[in-house]
Structure formats: structure tokens, C-alpha cells
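Paired with subunit B in one complex and with subunit C in the other, subunit A is shared by the two complexes that follow.
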Partner chain A sequence: MAVKIQIPTPLRPHAGNLASVEVIAITVGEALGELCKLHPAMEQRLFDNGQLRRFVNIFINDEDMRYLENLATPVKDGDEVAIIPAVAGG
Partner chain B sequence: MSFLSRVAEGLGPSKPQQPVEAFTRNDAGATSYPGLPGEIRSVVLTVCPFFISKLKYPPLEKTTNFIAGYCPAYMEERQVSSSFVKGMKCRLCGKLYPVTPVNFCQDDFGPLEIDYDYEGLKGVLTKEKLEARTFNMWRYQELLPIDGEPTVGLHVGGTPLIRADRLAKEIGVKNLWIKNDAVNFPTLSFKDRVVAVALSKAHEFGLKTVGCASTGNLANSVAANAAAAGMQSYIFIPSDLERAKVMGTSVYGANVIKVRGTYDEVNRLCTQVAFKYGWGFVNINLRPFYAEGSKSMGFEIAEQLGWRTPQHVVSPMAGGALVGKVSKAFQELYKIDLLKQEPSTKFYGAQATGCNPISGAVKNGWESHRPVRKPNTICKSLAIGDPADGYFAAKLIRESGGWAEDVTDDEIREGMLLLAKTEGVFAETAGGVTVATARKLVEQGRIPKNEEIVLLITGNGLKTQDSLATQLGEPVTIGTSLDEFVATMENTQEPVLA
Partner chain C sequence: MIDFKSIDRYSRQMRFHGVGEEGQRKLLASKVTLCGCGALGTVLANNLARAGVGSIKVVDRDFIEPSNLQRQVLFDENDVTENLPKAEAAARKLRAINSSINIESVVTDIDRTNIESLCEGADLILDGTDNFEIRYLINDIAVKYNKPWVYGGVIGSNGMTMTIIPNQTPCLRCVFEAAPSPGSADTCETAGVLGPVVNIIASMQATEAIKILSGKPETINKELVQIDVWENTYRRVKIAPLLGKVDCPCCKHRKFEWIDGEFGSQTTSLCGRNAVQISNRTPNKIKFEDMAAQLKTLGDVSFNKFMLKFNAEDCEFTVFPDGRAIIKGTSDIDRAKTLYARYIGH
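Up next, the complex of A and B:
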């Protein structure tokens, strides 16, 4: 499935200065894994020992993946995955 | 090669003024001082001598793209910190950053926090100096992250600390105080403190447009303070907010956007808007500065108690930052020798049962909160299901020896009425949460009955009147004759005072 991953502006230098990266995947976790293969500098920023970092939120078509199936959430063609820093609000 | 000149400027009457040597920096980053990106050629840096000694902060050019992408307006023209601020530090990995409108670490997404030169402040910020200043939040200016004099919210803070003996009797304690930010200026909530700092900092950064994601009180404050400062504001709120809070935002001419979604969804949208437009969102890219404003509540409490800290503080929790910042305030006063005894205050968090991610974490022994997808409570100002500081708030509460609780909507209403009828303080629903939680914690034996307690009242009841509509009923209506009044008195067990 072709999925578009939106890169938060401050992290674009670590993703070839791209606003979004298109990958082929069947789950959110796979999509992020593909992103990290294409842009290895993203790996350490998103993951810590294989776990998504505490202050990283992932949204699939504006829905928080924690309310779906986390990294196992299936994705379909045309889905948009957004990486959003959790340190906001309040 | 770009050369930067540094000019020693007046740092205000309370700050040291010492000559500093001019220095240059080359593009190879010969120094690790937080400098400016190479492409900016003419900028005045205003620097305090303490800041100069702290050469461990990375050069700004290393984070240029990071910052420019987030907040392009900032890159056009601004100063570098001249206060006792050393820089910003990631709360997770400790990575150091120069002062910029960025809220998270580019390595691990951890929150950035302001780092001060406490050694430099010792003996500089004295009780005598503080007490000679006007009683508002800016009397603690050296411990707030702005460079020069504040430009927004000049009259914020200085709210009463009320001895609450009648309420104390009702909840069964002996020594109770209320820090009453329900009368904060200009918009009747503690949010005026954080907004005053955030917008003063936005002004220093050269940001002309500001905004926020809000559950109401912040919306009021950003709109009002931005109006007074001549800034354009964009206020994003959940579409189900109380009418008074919506009107209390629109009246200031703000661009108000109601979003069909929860606060957390509004917040996510605002983060994306901040990335796209580069505005100064007070609780997103300006959040490290914004959150520091809450410390002033703690500074004032300690000073009002005679330069000491209470044994217990009960705080409402939404995003979870307030409780941590009051604690930080106490610790900072001790670090700079304004408190004789090291603070050992126990902190207690108060939430609504309909949205209790942090109290849930504390009570269940979870390391961090588990988000509440659809908050359901009359206390909309605390209805944040995924609090940014949830992890830190739960950690602080546990480590301080405190606890957290949550209360039902009925208990919230009872708390509001109890506070109003015993102390004459009409607090919003969050105040009801705090009072009801305090009472519950006393009943549970979590808070000792004979020790000193401060309740943080953070917003005004005039904004959430609908929550009490069914409790109060209509006043008796009579004609203009004395006979009618006498008849009413005879039919009423207690005098009716509308």
C-alpha cells in the first residue's frame, strides 16, 4: 500500500528536506520502518531500542494510532501518516 | 565568514552591567557559544556576563534549519538572551539548545526547558530588591525567560493568598490557604501568567502573529493580551466550549476557530498549523517560555507565606505543567538563597473523573499516563486527555510524596459551592475539582489534617456559570411592598439573598 508520511518541519533536514515521504507498507510500523531505511537519521529520532519514543505521536488520517492498533494499525493506499511531537498544549 | 558583534547593553536596574569583550565567530563554529546562523550578517547580540561563561550551548547554526522550518519569522531579526537564561535543555537527554522558539529536542522529541544561571543570581536577586518592586509576576523577572523588560501583560499576577479558615473547618483541616488566580488580570485565570511570558517572548522573537490551542482560559488570555500588544491572534478551541469562554475570546477581536473535535485533536491540528505558518503558538513552539510563567504562582506563594513553602499543595491538572512549575519555583528560590529551608512540599494533583489521565497514572502506579480519548466532564478547562506533561506530573507527584485523585461532576459542583459559600470565592469548575479533591484526599488520610495546605484556584466561576444552573435555582421574586417581603420571610426558613 502506498502511504504518505508527513515529516514535521523541524525534522525535514533528517529526511532529505522533504515535506513528505511515500513508502509501501501494510502497517504503520512498517511504514515508519521504510521511512527509516530511506532516511536512517530518522531512526534514532523516532525509536529508542525499537520502541517509539515517549514524546512522538503518530496519526493516521488524523486519528491517533494509540486509539487504533498502535504500530500494527493497517494502512491502505492513499493513507497519510503524520509524525507529531507530543510536547504541546496545556 | 560572518562576523558578529556583541554589545553590552543595559540589562535593567536589577541586573548586572559589566563590559564585555567583542568577539567573533567563524562559520566553522570555532566557539560553541549560541551564536547566529552564518547567513544573518547584521545582528546585535545582547548578552549578560554570566551567559558568556556558559560556552557549552551549541552554535545556533547547527539548529538553523530546525528553527527556520518551525518559525521562519524568527530568523529574520532577533536578539539572543541577555537575561540569566543560559539556554534551553532537553528534559530527557539533557541536550543543550540556544534560546529559540522551539519546544522539543530534535534528537528524541523530549520537551525543552529553560536553564538559568542560578549561581549568578545568588546575591543579585535579594528579598529587599524583590520587596521594593510592584507586587505582580514581573517582580521575579530574573527567573523568567525574557531578555529585556516585559512588553506584554505588565500587570499580571500579584493575586491574593487567602487564609481559608471557614473552608478549612468544612473539610476538616487546620491550616488552609487559597492562592486565588480567579482574580488574575486581565482575564481572570492563571493563564494570564503564562501568556504574559509567551507573548513578551514572541515580541522579542519578532513574531507578529500568535495563537494557541485552548480549553478556554488560555483562549481568553491570548486574545486579550495579544489585542493589548497589537498582535494578531488565532485561537483554536473545541467547538463545545462554554459560551462565556467563547465570547470572552471573540470580544478582543481574535480570529477564533472552533474545531469539531476534542482538545487533543485541536492541539494536534495546531501543531501542524504551527509548522505550516510559523506563527508563535504559545503552548506549542513558545511552550518552553510559556510554561515558565506558571512559576510566578509558586514564587508568590512562597513570598506571601513569609519566604517559606507550604507542606502540601493541591493543584488542578490539565496539561500537567502547573504542578511541576510551582515545584520548580520553590526549588529555584532555594537555589538562589531566598529560602532558608530546602523545600519539601508534597504535591497533589486534582482531575475530573471524566478526564483523569494523570490521576489514573498515579493511582494505578503507571509510569506515565494513558490518554483518555473522549473526555466527558463539566470541567472543560481540565479536559485534556493526552497531557503533554502527564509523565512529568505523575513523576513529580510520586517523588514528592504526594498523591492524585479525581472527582465526579457532582463533586465538582459541590466543591465550587463550598468554596463560594465559605470563602466568597467563585471559582470555575477547575476550582471545584481542586476543592473536592482536597477534601477527598483529607478524608482518605493522604493529606494530614494538621499541616499547612495551599489550594491553587486557577480560574473564575463567571466563565462557567452553566455548570451550576441546576444547583442554584431562581431567586424569589416579589413586588415592591414591605408586606410581600415580610410574607416571603415568614415562608422562608432562611433569609433569601439573591
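Up next, the complex of A and C:
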């Protein structure tokens, strides 16, 4: 399944300065894994010893994956996976 | 003589079906604590005072600098010249805008020891801060005493807001379980910020406050709004189903770890050294490569595996991997905390 991963501005330098990356995957976890294969610097920004970092929030078509099936949430063609970090400034 | 105390000054707002005279009277009887009076805070305060929120407590630790004027709408060049604290300058403007409401200014650094008294009696808490340490404190207090609050954050052209009504919506820690570790996220000093996105986000926060305070909490936005005014995106991500679904230490287990001092920073003025040490207890190691990249616009940033050094605002910063920093060039703890939030983040 071809899904588009939206990369937030602070992480773009680690993903070839791209705003989005398209990958083939059947779950959210697999999609993020593919992203890290394409852009290895993303690995340590998103994961800590294989666990998703606690300040990284993932949304699938604007739904929080934590009330779906977390990283096992299935994805289908055209789905949009967004990495959304908290915004601190003010 | 013009009667500025008459409720008629709010006629256009009362004519709006969502508020009405009954809603206006509730607004006039309501009390708000505004935490932080910088970019978001000045827009929030301006909106609330004009709307007739009866009592506004403005809390801020900072002074006004020329670089604030691009987006902090209540301040002008005279305030910079007079070297006024933001809370005081804001209070003067707000009283000139609306003399019929009660404005209190408090010049202090919000921390776990004073947040409770600062928010005591408030019907709602508004977030005009620039860091997650204070936001998690606000969240703890809000959940503990069942008070609504409205989060807002801005950076670059990007902004975010969500409204929290304890036990009815997810709380901040349900959505953002942890703050990014120091140095891993942009700050307004490293990435800049556009004035318009500040106005949009704070205006949305103010609208949410008006809904709740005028007695229409059912109309709040229950989702997380994210806007990028440069990239032309508006996202409304669904977070409402997280309520009760995540194992939240704060609103599910009622563990108030930020008020209890289990997380957060500790500061000490280093006697005779004109320096302040800030320790950070957030258990995330800093990545110096990331921090150096964020800070490169400031000039020379050097690091090895033990420490990172840079200079800003006539101070020399030495940062350690655990988030501890020594800020040399000041012995003022409040200023050092401001500088820490500004350049190192959290």
C-alpha cells in the first residue's frame, strides 16, 4: 500500500529536507520503518531502542494511532501518516 | 459623560447568538489566570479584556525587548524605553482598554511552588507560555482542581491549540506524554516566529475561553488544531477518543508529577561566578548534533561528547548531556530561566 508520511519542519533536515515521503507498507509501524530505511537519520529521532519516543505523536488520516492499533494499525493506499510534534513556543 | 461601565459596550458581542446578555454577564463575573504575557499572551489578554472577562490575572517573569514588538501586540517602544516588566506594561494597556474590569499583574516566574496560588479562584487558565515545563504544571493544577485550560503553541509559521476540560476531554499529558528533550525542538529564538500565526492561534484560544466562560462549554473544539500559515495547511486531528484510552498518569491516575517536583528544572545561582546553573530532571539525553544545528544561526557553537558551548545575549552557555546548563554572564535566576527556555528549550 502506498502511503504518504508527512514530515514536520524540525525533522525535515533528517529526511532530505522533504515535506513528505511516500513509502509502501501495510501497517503504520512498517511505514515508519521504511521511512527510516530511506532516511536513516530519522531512526533515532523517532525511536529509542525500538520503542517510539514518547514525545512523537503519529496520526493516520488525522486519527491518533493510540486509539487505533498503535504501530500495528493497518494502512491502505492513499493513507496519510503524519508525525506531529508538540509546539512549544509562545 | 460617557459611561464605560455600562454593559452596552459589549452590545455587538451580546447580539451574537452564542453569547447573548446572559453569556455576557457570566463573562463579567468570571476570573482568568493568564500564564505568560509574550506573543500569545498579549493577544489573549487583549481579546479577553475587550470581551469583558471580569477579572484577569496576568503573570509573566520577563521584560520587554525591541525584538518583542514584531508580535507582542500590547507593547510599544515606550514600554521598552521604560524598561517595564511585561505583566505591568500589559496591565496598564488593558486598564486603558477596559477600565470596568479588574486587572492584576504579577511579575514572577511560574513554578511548582506558586502555580497553585496563582490559579486559585480562577474559572479558567490560559496558556501564553513558551515552554512545556509550565504547561505540564498548568495541566497538573487544572486536572487537580477541575479547571478548564487552553493550550497554545507557535513556532515559525506553525501553531497548535487544544482545549482541556478535565474528565471531559483528554488532558495535555494524554496527548503529549512527554515534552521533547531540551535541544531537540525548535524555539522561537532558533527558528523564528511569524506574527500572524501568533494572532490566529491566540485568537482561537480566546474564543475557546469565551465559549467556556459564557456558559457554552459544549461548543468547544474537542480536537487538536494545527495550522501552518506558510505551507497553507489546516489540520484538525482527532484526539477526543484518547480520553480514558491512554494510561495517563495525570488525569487517569491523578499523579501530579510536575507539581510534586518529580520532573522539571532546578536552578541555582553560582555565587561569585556571575552564573546560574539550571538542572533539568527530564529523563531524555540531549543530542548535541541536533542542538548545534538548531543554534547555528547564533554563530559559533562548539561541542564535544561532554559539553556544548555557545554565546547569546552577552551570556556564555555551557550545556551538558543531561540537560543541565551553566549560563555565565548573569546571576539573575529568572533571566537565566528565560534564556534557557529561549535557546535550549523545553
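Methods note: the second predicted complex is superposed on the first by the 85 of 90 C-alpha atoms of A that agree within 3 Å, B and C clash if a C-alpha of one lies under 4 Å from a C-alpha of the other, contacts with A are read in each partner's own complex, and residues count from 1 in each chain.
By definition in this document, contacts are C-beta pairs under 8 Å (C-beta built on N, C-alpha and C of every residue); 3 or more make two chains touch, one makes a residue touch a chain.
Everything numeric here is computed off the predicted structure, so don't read it as measured data.
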item	value
Which of subunit B and subunit C A:67 touches, first, second, both or neither	both
Touching partner for A:16 - first (subunit B), second (subunit C), both, neither	neither
Touched partner set for A:54, first subunit B, second subunit C, both or neither	both
Which of subunit B and subunit C A:40 touches, first, second, both or neither	neither
Which superposed partner A:84 touches (first subunit B, second subunit C, both, neither)	both
Subunit A positions touched by subunit B in one structure and by subunit C in the second	9-10, 13, 44-45, 53-55, 57, 59, 62, 64, 66-67, 82, 84-90
Residues of subunit C that touch subunit A when the two form their complex	36, 38-41, 127-132, 152-156, 158-160, 175-181, 184-188, 191, 193, 224, 226, 231, 235-239, 241-242, 245-246, 284, 287, 293, 345-346
Subunit A to subunit C touching residues, read off their complex	9-10, 13, 19, 44-45, 53-55, 57, 59, 62-64, 66-67, 82, 84-90
Parts of subunit B lying in touch with subunit A, wherever the complex brings them together	65-67, 69-70, 92, 102-104, 106-112, 213, 263-265, 267-268, 270-272, 275-276, 281, 283-284, 287, 291, 318-321, 368, 371, 373, 384, 386-389, 391
Residue ranges of subunit A in contact with subunit B within the complex	8-14, 17, 44-45, 48, 53-57, 59, 62, 64, 66-67, 82, 84-90
